[in-house]
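What follows are several structures.
Common to both upcoming complexes is subunit A, partnered first by subunit B, then by subunit C.
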Partner chain A sequence: MGDRIPAGGTTRCDMPFAVETRDLTRIFAGKKRIRRKRHASEGEDGSGPVTALDHVAMEIHDGELFGLLGPNGAGKTTLIKILATLLLPTSGEAYVAGHDVAKDPFPIRQQINMVCGGETSGYGLLTTRENIWMFSQFYGVPSKVSKARIDELMHVFGLWDKRDTKVRMLSTGQRQKMNMIRGFVTDPSILFLDEPTLGLDVNAARVIRDYVMNWVRKRTGKTVLLTTHYMMEADEMCDRIAIIDRGKILACDTPANLKRMIRHDTTFRLEVDTLHDVTSFGSIRGVKNFSHREDIATNRAHLTFILEDESPVAEILSRITTQASKVHSLQKSEPTLEDVFISMVGRGLE
Partner chain B sequence: MSTYWRTFKVAAWLGWEMDSNWTEPWLFVLYSILKPVAGAFILVLMYVVFATIGNTEDPSMFAYMYVGNAFFIFVASTLFGTFQVIQSDREWYQTIRYVYISPISYYVYILGRAASKVAVATFAVVVTLAFGIAFLGVEMGLSLADVPVLVAAFVLGIAVLLAIGICLGGISFLTAKHVHGLAEGIPGLFYVFCGVLFPLSALPEWGRSVGQAIPLTYWFDLTRRILVPGTSIDRTLNAYDDLTILLLLFASSLVFFALSVIIFRIGEYVARKAGKIDMTTSY
Partner chain C sequence: MTEVARRNDLRARIALNLRAMVGRAYPRVIGANREPSWIIFEAFLPLLGIAAYVFIYQALGERALANATDPAKVAEIQANTNALIASVVLGGTMVAFWLNVLWSMASQLYWEKEIGNLQLYMMAPMSRMALLGGMALGGMFMTSVRAVSTLAAGVLVFGVVYRIVDPLTLLAVFFVTLIALYGMGMMFASLYLLWGREAWHLSALMEEPIFFASGFYFPIGGLTRVPVWGSAVAIAGSFIPAGLGLDAMRQLALGPTAFGGQMWLFSVDVELAILLVLAVVFLVLARYALAYLEVLAKREGKLTSRHQ
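Up next, the complex of A and B:
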C-alpha cells in the first residue's frame, strides 16, 4: 500500500502496547430467564441481550494517559472490567502488558490495579490504613514500603487525619480517596481508573487529577486508562481520548485533534424555555447536528448546535419563538470535546 | 508457594480482625466462653427431654450427644466460614473485585479467611468439652497414645469440611439465593445423618446408608471412640478400626479437595464469563 514505513525509530511491533484490543465484543445476556424469542440485535427493551462493546479496536501506548469518554451505558466500565481480568470478552481479543486477558490473567494482575469511583467498598471493621495495607500485601509490597507509601499518599489525598479511623465511619468521598490510595500503593505499571472523581468535591477532584497526571508524566513506564463522562476532565488530563458510544469507538485521537475535526463548524449554545418539539431542528439546512437537554430544576432547555456556518441561526431562533418559548441566552463558542460528540451522535454526554 | 503462604496469612489476619475486632477484647473473650456454655445448656435441656420421653436415663448417651454436638461446632462454622467469604466480600464489603484482580489465589484467600473461623471454633469446642467434664459430669478419657490419631482425625475432618465449604463457595459465585439455603441445609443434613445427636443405629436402614456415605460420620465416630472410650451406644461402624477410618478420611479429603478445585474453577470461569464476579444482588 501507499503508507510509508517510518525510517529508524522503533516500529510498534517491537514494543508491546500497554493495552491492545482487537474486535473486542462483549454481549450481556438478558436478565430474564424466559426470554421472548427475539433477534439478538434487539436489546433496547431491557430484557434482551445488550451489546456493551462492539468490535472495539484500540491501542494504548506505554506511558500514556488514555481517556475513554462516553455517556452513561456507553461500555466504559465493561471495557475496564475486561482489561482488569474481571470479565471475559464474548469475542475478540484483549491484551494487557502483552498478555491475553482471557488466557493468561495472572501476569496481568501483577502489573495492574483498578479503582472505581462512586462506590463504597472496604472492610468496615479495619482502619483506613489497615485496609490499604492489607491490599498491598496481596501484591507482595514489603510492609515497611507499603506503610511509608500509605502515609505519603494519605497526606496527598487529605486523608491523614482519618488514618486510624474505622472504614465504616468514613464518608463516601473519604472511602473513595482511600480506594484511590489502594490503587497507587501497589505501584502498578498500568492503572485503570473508572470515573475516579465521581461524586468528589471540587478540591478532591482537583487533587486526584493532578496526582494522576503527575504520576504518569513524571515517571516512566506508567500507563493510565481513565474513563469519564466529564469532557473537561478528559480534555485536561488525557494524552489521547477515545470517544465511545453504545459500545463503539467513534473516534480516537488527542484532544486537540478531536476538536480540530469540527474546526470548520460553528458551535452555538442556547438556553430557552422548555420546548414541545425539538426534532424539527435537524431538518434545517446547515445544521450538522444538535443536542438537547432539559433542565428540570429551572424548567429550561439547553441546546447545542453544530452548524456549517452562521446562516441557520435565524431559522433556529424563529422555530423556537413559534413554540412560544423564550430565548434566555445565545452564545457562539469554541468547540469542546462534547461538541465533537454531539456532531457525531446528536446527543450530549450527560 | 510463598505467594500462597503470604495470601493465607493476610487473609487469616483479615478473618481474625473481622471475627474478633467487632467489640472490646474482654467482651470478645467473655462472648467466646459464654456462647459455647449456653450451647451446652441447650444440650442438657435436649437430653432431659429425650430422657423423659424415652423414660431412660443413660449417662453414656448424654456423653455421646454431648461430644457429638461439641464437634458439630466445627461443621457449622467451617462450612459457613468458607461459604460466606465470597458472599460477604461481594455484597457487604464490595471488595471482591479488588481482591479478585489481585495477584493471589482466591482459593487460598478463602482458606485463610476460614482459618480464623476454625480457630474460634476450636476454642468453643474446648470450652464446651471442659465445661461438660467440670460441671455436667460428662465422663471423658483421653489416653496419651491416642493423641496423634485424634490430631490426625481433626486435621482430616477440618480438611473435608473446608473442601465442602469451598465447593459451596464455587457455586455461590453464580447464585446468591440458593447457596444460602444449601449452606444451612447441608449442616442440617450432617446433623441428622452423621451420628451427631443420636447414633446411626437409631436411623432407618436408608438413613444409615446415607450416614455411612458421608465421611464426617466416620470422623465423629473416631473422635468419640477416643474421647469417650466408655460408650458403646452405637456399633454400626465397629467393623472399621481407627486406622481404616483415618485412611478413609484421608481419601475423602483428597476427593473433596479435587472436587472443590474443579467446582471452584468452573464457578469462577462461568462467573467471569457472565459478569457475575462482582454482582450485587442486594440479597
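Up next, the complex of A and C:
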C-alpha cells in the first residue's frame, strides 16, 4: 500500500502525523480450552494464534478525517485499541501525536478520546448531564468548562430535553448521542470513532455525521479516525480511506481515487432467487470478482459482479437460470467503495 | 503549554487526579441515594440481622439475672448484656462497610468491565489510583450514611448505652480502619479481575466466614477462649482490618473494662499500629496490583474489555 499513500514529506520530528504506524503487528494468543483427557493420546483442544494486524503501515495527517473500512474481524478495533493505548503491539511501532503508544501513553491519553458504537458506558442512576460530566473529570476538565460544553453539545445533538433524564431511560440513539458528547466534551485533538452510527436510525446517524465533519473541517488541529463498514458513511465523510481486511491494509487513498482504481471495470448488481451454487461464477471469463449475500427474509440473493466488460453478463444469467432461479433485477451501476472492496477481496463488507 | 511542560506540571497532575477522584466518587455519593429503596434494603433489613443476635443476648442476660440476687452481680450481668448488644450494633455498622468493600470495591472493576466502563477508564489520563480512590471515597461516604442510620436505630430501638471516654482516638481508629479496609478492597479489585470471572462467587465466599473470623457479632477476643483452633481463627481474622478495628472501637466505646477486660484481642494502641501498617501495605499492594493488571490487559488484550 506504500505507494498509494500520499507522501507526507515530513518526518515525525519535523511535523508529527496525528497517527503513524510502522509495521504494526498484533497477534492474539488464541483461546486454549483444556479438557479432561479421556485417552493418553488426546492433547489440548484449542485454537491457535490469531493475527489481527499484519505489518500495518499508515499515516494520518493532522486535521484529517480518516476512514478505516473493513468487514467484521478485519482488525479495525484492534488498531484503534492500540492507538488508544489500550493494547500493546506484538511488534512494530505506533505513534499518536508524535508519542509512542507503548512507551509514552500519558501525553497521548491527554489528547485523545474514543467513542464506540453500541456503547453502554456510564451509570444508569446518573442523569445524562451528570454522566458526561463524570467522564470529563477523568480528563481534568474544570467543572465550569465541562458543564458549559455539555450544555452546548446537548443542544447540538438534540439531547437538551433529556439532560436530566436518567441514563437507563435513554433510547439506543439517545444513548449514542450521549456517548458522542462524552467524546467531544474533553475537546480531544484526536478522536477515535469505532462504528459510531452502528444500529442508529437515519436521523440520529445524520446528526452525528454532520457534527463530526464540521468538527474536523471548521476547527484546526482536529483529527478523526473513523472505523465503519457503512460504505456511504465512509464515502461521504472521509478525506482518505484505508481498506483493511484480515489485518492488512489493502489500499489507502481518497474515496474518489479508490473508485477510480476500478473505473475501467463494469459493475453489475443482480437480485435473484436463492442460489444453490455460486462458486462457479468465479470461473467465468471476464469476471474479475464478485460478492454474494443471501437475504433470508425475502429468500433472495444479492450478487455484485466486477467485470472487465459487459460480455460475461449473458453467461452469468445463463448459469442463474439453469439453477431454476429467477432474476428479479439487473442493474449496471457506477463503482462504489464496496465495489472497490469486492474487486480487492472477493466478497462484500456485510 | 508543551507536552513536556504539561507532563512535568505537578500541579496539573494533582488537579487532574483530584477531579478524577471527585468524578468517580460522585455516582456513589449522589446516584446510590437516589433510589429510596436503599432505606429498606440497606438500613432496615440489616437491623433484622442485628435484632436476632440482640434477642439471643437479651435472653441469655435474662436467664443469668433470674438466678442472681447480689446487686453487684446483677449490675455486672446488666453491664455485660449491654456490652454484648452494643458490640452487635457496632459490628452491624461495620458489616455495612465490609459488604461495601466486597460488593462495591473488590467486585467493582469486574462490573465496570461488564458495563463497558473499564476500558474508558484505562484510556483516560488520570492515575488508576485516583479511580480506585474515588470509588473508595464514594463508598465510604455512601456506607457511612447507612452505618450511621444502623447505629442510631440500634441505640434507639435496643437502648444500647455507650461509654466513650476518648472520642478522638475512636475517630482515629474508625478512619484508619476504613482506609485499611478500602485499601484492601482496592487491592482485591484488581485481583478479582485477574482471578475471578464471576466476582460475585468470590464475594459470597468471603461474606459469612469473615463475619465469623472478624467477630462482627461478638467480641473477637472470645474466639481465643476456644481451645485448639480459636486463637488461629482470631489471628487470621485480624488480617481483615474490620476485625481489629472493631475490637479497638469496642474497647473505646464500651471502656476497656467491659467484659471484665477479658474479651479483647490486643490493646487499642497495638491495634491502631497494626491497622496503620495494614493501611499502608494494602494501598501499596493495590497500586502494584492495578499496574500489573493494566500491563497484563494491554499485553494479552483482555481483562479490560467486555466479552473477553
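The working rule: the second predicted complex is superposed on the first by the 323 of 350 C-alpha atoms of A that agree within 3 Å, B and C clash if a C-alpha of one lies under 4 Å from a C-alpha of the other, contacts with A are read in each partner's own complex, and residues count from 1 in each chain.
Here is the rule we use: contacts are C-beta pairs under 8 Å (C-beta built on N, C-alpha and C of every residue); 3 or more make two chains touch, one makes a residue touch a chain.
Because the structure is a prediction, the values reported are computed rather than measured.
J.: Do subunit B and subunit C fit side by side on subunit A after the overlay, or clash?
T.: clash
J.: Between subunit B (first) and subunit C (second), which does A:Glu130 come into contact with in this model arrangement: first, second, both, or neither?
T.: In the superposed model, A:Glu130 contacts both subunit B and subunit C.
J.: Taking the superposition on A as described, I'd like to know which of subunit B and subunit C A:His99 touches: first, second, both or neither.
T.: second
J.: Have a look at where A:Leu88 lands relative to subunit B and subunit C in the superposition and call it first, second, both or neither.
T.: A:Leu88 sits against subunit B and subunit C alike.
J.: Which parts of subunit A are in contact with subunit B and also with subunit C?
T.: 28-29, 81, 84-88, 106, 109-110, 112-114, 119-123, 125-126, 130, 134-135, 137-140
J.: Going by the contact rule at the top, pick out the subunit A residues touching subunit B in the complex.
T.: Touching subunit B from subunit A are residues 28-29, 81, 84-88, 106, 109-110, 112-114, 116, 119-126, 130, 134-135, 137-140, 182.
J.: Give every residue of subunit B touching subunit A within the complex, in rising order.
T.: 3, 6-7, 10, 13-14, 17-18, 21-22, 93-95, 97-104, 272-275, 277-278
J.: Under the stated contact criterion, what part of subunit C meets subunit A in this complex?
T.: Contact set of subunit C toward subunit A: 3, 6-7, 12, 15-16, 19-20, 22-24, 26-27, 30-32, 34-35, 115-117, 119-126, 131, 297-301, 304-305.
J.: Mind pulling up the subunit A residues that touch subunit C in the complex?
T.: Interface residues on the subunit A side: 26, 28-29, 78, 81, 84-88, 97, 99, 106-107, 109-110, 112-114, 119-123, 125-126, 130, 133-143.
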